Structure formats: structure tokens, C-alpha cells
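The following pair of complexes shares a single chain, subunit A, combined with subunit B in the former and subunit C in the latter.
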Partner chain A sequence: MTSFIYGLLLYFFLMIPPVANLVESIMITHMHMQMPFLVIAGFLMGKLFQQRFPLFFKKWNSNGIPGITLFLIIIIYWTIPRTMDEALTVQSVEAFKFLSLPFLAGIPLRDSWSKLSSLGRNMVIVIFMIKYFGMGALYIWWPSQLCNNYLLIDQLTLGWGFITTALCLLFYFIYLFMIDPSDYE
Partner chain B sequence: METVITSKEKVTVFNKANQVLGIHLEDARITKSYLLVAFIALLLGGFLGLLQGLNRAGVLELPVWLNYYQILTAHGLLLVVVLSAFFTIGYFYAGLSHTLGGLLPKVRKMAWIGFWMKMFGFVLVVIPILMNEASVMYTFYPPMAAHPMFYFGLVFIVLGVWILAAGAFVNVSHWRKNHKGQHLPILAFFATGVFVLLVGATAFVAVEVLFMIIPWSLGWVDTINVMVARTLFWAFGHTAVNIWYLTAVSAWYVIVPKIIGGTRFNDYLTRVVVIALVIMNITGGFHHQIIDPGISLPIKFMHVFMSLAIGFPSLMTAYAMFRVFERTGRRKGGKGALGWLKKLPWGDVRFLSPFIAMAAFAPAGAGGIVQSTNQLNQVVHNTMWIVGHFHLTLGMTVVMTFFGISYWLVPFVSKRVLTPQMNRIGVIQTIIWTMGMVIMATSMHIVGLLGSPRRTSYTTYGEHVAAQAWDPYMIMIGIGATFLLIAVIIQVYAIFNMMFFAPKGETEFPIAEVEAGEFPTPYLTERWGIWVITMLIVVAMAYVLPLTDMIVNAPPGSPPFKTW
Partner chain C sequence: MISVLKNRHTTISLIVVILFGFVLFYIGTDGFKAFTAETARLKELKEEKPVFPQVTMEDSKGRTYSLSEFENKYVLITFLYTSCGTVCPQLEKNMAELYERLPQYVGKEIVFLSISFDPTRDDPDRLETYRKAFGSDGDTWRMARIVDKDELDLLLERFGVIVIPDGNGNFTHNSAFYLVDKTGRLSEVMDYTRIEEAADTIATLIESEKGNKK
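Let's turn to the complex of A and B:
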């Protein structure tokens, strides 16, 4: 229950208009701060849903793959430039963002992560790493504006945000392969 | 018939020997060397500090061959870089040796290579300062440009730090391989955090110096992006200061409880504090740039959160310390709301000095929060207030803890004892230092609010009435600096006495035990790989946006200037 309350508080905090306006006014904080925080809010709230509806999760997400697939679809959808534009200009899309990221990405992530094998988890990390390098290259080298609502400098910044995040994932991957936990634990 | 001793058994045997016989002589020599350099730097830096204090008080005119800015640069480098870094490394290497069953032979070699690399780098830094070719102050902000030798010296100092960090990691990794599933001893855990931060912090300054300043100072490129250089510097500078603070915090959590006869605070929360400080530290650098132009207000606003986030583990520490004090005092029979305070060993310099250091962190931390606030920072930024602030944080919180440590660490590594006479001298030294620093730092804060600028030698601004109002405080600064130099001389005397002349004997390395029946710490705290990656992600979150803006929207850049 505690984690649900923290998740709910974070969710409400992100909804407060000045907070939403501030983070949405900068492209990189829109995509790399608000959106991950919405997923985290859902992740925190997820435990209560798992406890209340265990049969639902068991029936629809027994091995974690449907859940992680839904998570990937939602996250990939929200990295498309046009979706960010629409979230800023179309109210219903903004509402969809606030519903989809916590409830269709955060909660499935929580339910799926522990059910996935280490191969499955590593595959998710690799997918994100490749995708982030690709998105980074797109946002850095594309010569014109991809979003109507953000300037080219915003786009470039977001591109470098993708590249640095992908590098962190790469370092994590190198760490996973270089270090054998059984040497230490 | 051969007796087979597995490597694990060897380590256990060595661990026991280490506990009984004290530190290995070769490990002791490493720590003694680092401490000697640290305290010689204190003597020189303290003397230069007095010269500055007297100059600002208007009672000492400096000769043309040794100007105020030369002294200011040397004072900063000697105390902020040499004293702090050498003490930290000497202390943690002794801690690693003691808690991990001795340093590995290759780690000893690395410690010596690091030592001489740092010394060589330091000589390269000092020569241009003495020649008045590098009066750029310890922050070496472009567009002020020093002689290239100054920057090459910095490169060697950083390389030395990296070798020492690698040595610490090798020793920790070796211990963990031989103690599978066990938690790293708490002091070694602090050391790991400190060396991770040292590598993270110096990486930024290495980029600044190697790729920006050196080509510019050698004339290979005409201009430098000042904002980027300042940003990279403060990612390093802020973290460096916090590394010294984390070193002091390690003694508060691990050493002080043992000295007062108690147990340490919850092991899990202690490790959480270390991890939190490691993850969130580097990004705090931005609050040193609040009045820098070229960083947009929303970014500054968001960085207030990053800066104040560091305050959270500090508040946890404040709670933890007083919890330990109260628990120990009450167990010793202290009654009532504050009766436990009487049961603490106030006459023991090993407690008194770190306690005053902790107490000083209350106003110092509050001042830090003030300075993280945009509007308040604009009032105090270029004034003596800031100088007062870092004399409270470094000069009291950190250095007084280091002094307290020295009264058991130096006898420990020298296989000598702390005599009651030396303890009394230590208490007197602590009182004089406290008086000096309180007088000086308070005066600096007040005169800063009255508008007195920092980084400026004595001037009356043409007998301006506003500048004359600063005079009484400036005289107090001179008086405080005089007290401080007296305390420095006593401290350095104590170090040499305890290292070479005190009676021989065994001194304990005081490490407090955990409270009996404490809930076991989850193993997650030991997964340093995850914490380092998290730190990198936080750094990326904080720096990508402003740095991209500073590089893409860069002004034409600045040629080098020699303003002195």
C-alpha cells in the first residue's frame, strides 16, 4: 500500500499544471523526465493491482512476455516525434499519455520484469540500447524540425540525451558480461 | 607432507594477524607519507592564509614579488587539493589495510606510483605559481590563463588519483572474491564510494584541462568556451568538496561511535547514505553557477532540486549522529532530556574535534541551502560570505574531523600511543582552532552581506564610506587567521610528535560494531556496478541539456587573459 501511495502522489505531482507545463516546455525533459516518471508512478502503483487482481495477471501475463510487449509498444509509441507534438496540442492525446504510460507501461513492467528470464531482461535492455542509439542519431542528424512545438536545439539536446542514455545501457551491459556475480556472492 | 592453505584461509589468518599485530609496516609507510605531505601542506597553506587575512585586515602590505593572488592560489591549492586529498587517501588506505587484511603488494606499488605522480604534478603546479605565472586561483577559470606547466601538473595529479582509485578497487575486489556473499566492511564501503566519486569528479576536470585548456594555453586554438569550462570545473570542484565531506562523514559513522563507547548507527541506512551521496553528488556542481549567464532559468530551477537532494542524506546523517550520541549517553546513565550529553567524553580530542566539526555543519549546511537559492545567491555570490561558507564547511566540518582522526591514526600507523599530555594539547588546539574559525567565518559572512567582495586584495575603493564599514570585520578576519595559524602550528607539532617521538605502543584502529540484533543489510548495497550506472544516468540527465545549449549556442569564445 505504501508504494501505491508514493506512486499515486508522484502521479498527482506530475499532473499539477505548473509541473506539467515546465517539463513539457523543454523537449528532453518532456520525453526523458516526465514520461519515465509516469512509468515509475505506474510501477510503484502496480503492486496493489498485482495483489488485488492476481488472477488477471496470471491469466494474461503468465510468463511476462505479453506485459513486456505492451510496455515496449507504449514506450516506442511515445518516442515518435509526432506523438509528443500531439500531446501538446490535442487534449485527448495528453490524457492518453497520462493514462497509457503509468497503466499500460508501468504496471505491465512491474508484473513482467520478475517473470522474465535473464535472457528476456537482457533482450529488453538491448532493444532499448539499439533504439536509443538510433533515435539519438535521428534527432542529432536530421536537418529539419521533427516536432512543430520544439526548436532544432531542443531536438539536438534530446538526441544527445538518447545517446548518453544508450551509452549508460551499454556500460551496464559491459558490466553484466565482465562481472560474474558468482565470483563475489 | 604439505599443508594446503586455501587463499580464503590465508586471508583469514592474515586478517587475524592484522588485528593483533597492528598495521603492516609497508602499509603504514604509505599512510605516514600521505599524512606528512598533508600536514606540511597545512602548515604552508595556513601561513599563506594568515598573510591573506592580515592583508585583508589592512595591516600587511605584500611585497611586489609575492602578491595577494599568488598567495590566494597557493593557499587554495595547498589546503583544498593537497591537504584534503592526501589526508583522504592516507586515511582510507590505512582503513583498507586494516579492514581488508592488508594491502596487496601490487596495490602498495600503485599507491607509491600514485604518490609520486601527485607529487610530481604538484611540483609542476607550484613552479609557475612561484614565478607569478599562474595566479589564477585554485578554480583556474578561463579566460584567465596560467602557464601551460600549471595545467600539465594538474594532469599528473589527476593521473595519480586514478591510479590510487584503481588500487583501492583492486583491493576491494580481491577481498570480495575471498569473502563471497559478505558485506564489505563499512570503512572500506565508504572508501569505495569516495574513490568512485574521485574518478567521476576528476573525469570532468580531465576533459576540461586536456581537451580545452591545454590546447588553448599552448596557443593551438585561439579561443575557449568559458561556460563549458566552468561547468566542467564545477562538476569536479563541487564533488571534490563533497568527497572530503564524505571522508569526514565516514569517521562520524564508523569511528566516533567507538570512541564514545557506543555502537554505530544502522548499517543499512549508513550504506544508503553513502550510495545516495555518490549518485547525486556530481550534479550539485550547478549551484556554483547560479549567477552564470547562459544557463536558462528553468534549468537553474531544476538544479535547485539536484542540489537540495544532497541535503537529504546530510539530514539523515545529522539524525543518525545524535541518535548514536543519545543512545550511548543514556546507556552510560544519562538521565533527562539532555543528561546524556554529560556522559560524552568531552575531554577526549578524538571526540571533541569531530563533534565541533559536526556542530559546525549545521550553520554551514544552512548557508549552503541559502546559496542554492537563486535570489539569495545573487546577494552573496561574489562576496566574502562564500569564503566564510567554505571555511565553515571545509575549515571546520572537514578539517576538524581530520584533526580528530589524526590523534589516533598517526599513533596507529607509527605504532605509538596518544599520551594524556598530547590529548590535552589536542584539546587546546581544538579550542583555538574553533575560536579562530568562528571569529573568521562569522566575520566573513557578515562582511559579505555588507558587500565586501571576495578574491580581491586590500583596497579602500578610494576611501569609500561603504568600504570603510567593512574594516572592523576585516580586522576580525585577521585576528581569526592569527588564532588559526597558532592552531596549525600546534597541530603540525602534534603530528610530528605522534609520528616520531611519542612513546611506543599499540593504538587501536577504532571501528564501532553494529547494534546487536540489527536487521541484516540487503546485499543490494554491494552492487556497486548498478550504483555507478545510476550515477552516470543522473549525470547524463543533468548535464546533456545545459552543455548542448552552451556548445551549440556558444559565443565566439575567449582568448587567454593574464589579469595580474
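Let's turn to the complex of A and C:
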């Protein structure tokens, strides 16, 4: 229950108009701060849903694959340049962002991650790594503006943000394969 | 048996999720066509064909007029500001190349017009310097500003030109060749980096109109 309340508080906090306006005014905080926090809010709230509807999750997401697929779809959708622009200019798109990221990405992630095998988890990380390198390259080397509502310099910053995130994932992988935790126990 | 049943449900939900994703992406990108707001904007403009509003322009020679000055001619328009160091010089250079590709029509069937969205700095003197730098003759290719802020905003909004000041006197803005037809409606929005394609489109339009008249 506590985690649900924290999640809900975070969710409401992100919805406060000045907070939303501030993080949305900069491209990189829009994508790499507000959006992940919305997912985290859903992740935290997810536990209560799991407790309330255990059968639903067990029945429809028994191996975690449908849930993680939904998570991937929603996350990829919100990295399309156009969706970011329209979240700023079209009210219904903004509403969809606040609904989809916590409830269609955060909750499924919580329910699915523990059900996935380590191979499945690694695959998800690899998908993100490739995607982030790709998006980073796109935002950095694309000659013109991808988003009408942001400056070119914002686009470059976001591109490097993607590359940095992808590098972190890569380092995690190197760590995973190079180091055997039992050596240190 | 139970495990098969379980898996069946999961398979169903996986299919539902994938279908949902497909529909979501389909709607979100206008059927996988517009991945940026800019492509979506161009698509919309081509369908809407907005009318060039009634605005007063002041050109580099200090003359003032509205679009009716160019009655019965096509007008090729670009939007710029002269302090711009990045896209605008490229845009105007390409416009000059396009101008040179259409010698048989320029002045008679079509005029070129560069409109500044920074009227405070781009006064006629400054526009005159800029005009010379790009070899425009000031008549069949004019450079003008729109002094009235409301009129300027109306035009930018209607033609979907988004201009964001960065606070240091520069602007980030989207660029294109805008072709306004003889009735004052926006007829084409063309990629300013594809000069040959733009020249072909314009020539085809003018020729087909000539053909209709005969």
C-alpha cells in the first residue's frame, strides 16, 4: 500500500501544471525525466493492482511476454519525434501520455519483469541499447529540426542523452559477462 | 492441460497487445507516413491550401504593398531573418538556384519573395544589403518584411511556419519553398533542399495552365 501511495503522489506531482510545463520546456527532461518518472509512478502503483487482480495478471500475462511487449510498444511510441511535439500542442495526446506511461508501461513492467527469464530480461536490455544508440545517432546527425517545438541545440542534447543511456546499458552488459559475483562473496 | 490453457490466454493477450501497438502507431503517424510533426504539418497544408492573408509588406526598396501586387502570377515564398547564420543563407542560396532554373517564367508567370519574420532588425536597408548578397534583382525577386506584428503572426500561423526565439537574438524555425497560386492560395510546400524537384513542379504547373487556356 505504501508503494502505491508513493506512486500516486509522484503521479500527481508530475501532473501539477508548473511542474509539467517546466520539464516539458526542455526536450531532454521531457523525454528522459518526465516520461521515466511517469513509468516509475505506474511501477510503484502497480503492486496494488497486482494484489487486487491477481487472477487477471496470472491469466493474461502468465509468462510476462505480453506485458513486456506492451511496455516496449508504449516506450517506443513516445520516442517518435512527432508524439513529443504533439504532447505539447494537442491536449488529447498529452492526456494519453499521462495515462499510457504509468498504466500501460509502468504496471505491465512491474508485473512482467519478475516473470521473465534472464534471457528475456537481457533481450529487453539489448533492444533498448540498440534503440537508444539508434535514436541518439538520429537526433545528433539529423541535419534539420525533428521537433518543431524545440531548438536544434535541445535536439543535440537529447541525442547525447540517448547515447549516454545506451553506453550505461552497454557497461552493465560488460559487467554482467565479465564479472562473476560469486568471486566477491 | 492447464498449462496449455494458460498459454492460450497469454497468446491471446500478446496478439491483442501487438494489434493495439499496430493501431497506435498507425494512428500516431498517419498510417506510417508522418513520424515528425513537420511532415504531418506539410501533409495538412497540402490538403488545406490556406489563403495568403491580407498583410502589408515593406520591401528592400521601401515600397509597401499586399499580395495583390503580384496579381495573376505565382509567388514563390521563403521565410527568413537576415541575422540567421545557419539555415537561412542555405535557403536563400537554394532559392537563387531555383530562380536561375526558371528564366523563361520569372517575372512573367512567377515572382520570388523572401519574407523576413524579424521586422525590428530587418529594415529596408538591411534587406537591401541581403538582397544584393544573394543576387536578387529586387523586382522579380523581392525581399520584404511585415511590419505589423499581428499580420505577421497571422501569416506564419496560417502557413504553419513555427518560429521560436532562443533568447540570444536567434530563431529556430522550419524552412520550405511555399508556392502561392494566382488566386492567392497556398498550392505547394516544397522541400527547399530539392531544387530540381521544385523547379519541375513549378514548370509543370505553369505549363499545364497554359495548356488549359489554349
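Everything that follows uses one rule, which is that the second predicted complex is superposed on the first by the 183 of 185 C-alpha atoms of A that agree within 3 Å, B and C clash if a C-alpha of one lies under 4 Å from a C-alpha of the other, contacts with A are read in each partner's own complex, and residues count from 1 in each chain.
Here, contacts are C-beta pairs under 8 Å (C-beta built on N, C-alpha and C of every residue); 3 or more make two chains touch, one makes a residue touch a chain.
Fair warning: this is a prediction, and the values are worked out from it, not measured in the lab.
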| item | value |
| --- | --- |
| Contacts of A:161 with subunit B and subunit C, given as first, second, both or neither | first |
| Contacts of A:15 with subunit B and subunit C, given as first, second, both or neither | neither |
| Touched partner set for A:32, first subunit B, second subunit C, both or neither | first |
| Doubly contacted subunit A residues - partners subunit C and subunit B | 153 |
| Residue ranges of subunit A touching subunit C (in the complex, touch as defined) | 59-63, 65-66, 69-70, 73, 77, 80-83, 85-86, 89, 144-153 |
| Residue ranges of subunit C in contact with subunit A within the complex | 6-7, 9-10, 12-14, 16-18, 20-21, 24-25, 28-29, 34-41, 86-87, 162, 164, 166, 172, 174-175 |
| Subunit B - residues contacting subunit A, complex | 176-177, 180-181, 298, 301-302, 523, 526, 529-530, 533, 536-537, 540-541, 544-545, 548-549, 552-553 |
| Interfacial residue positions of subunit A with respect to subunit B in the complex | 22, 25-26, 28-29, 32-33, 153, 156-157, 160-161, 164-165, 167-168, 171-172, 175, 179, 183-185 |
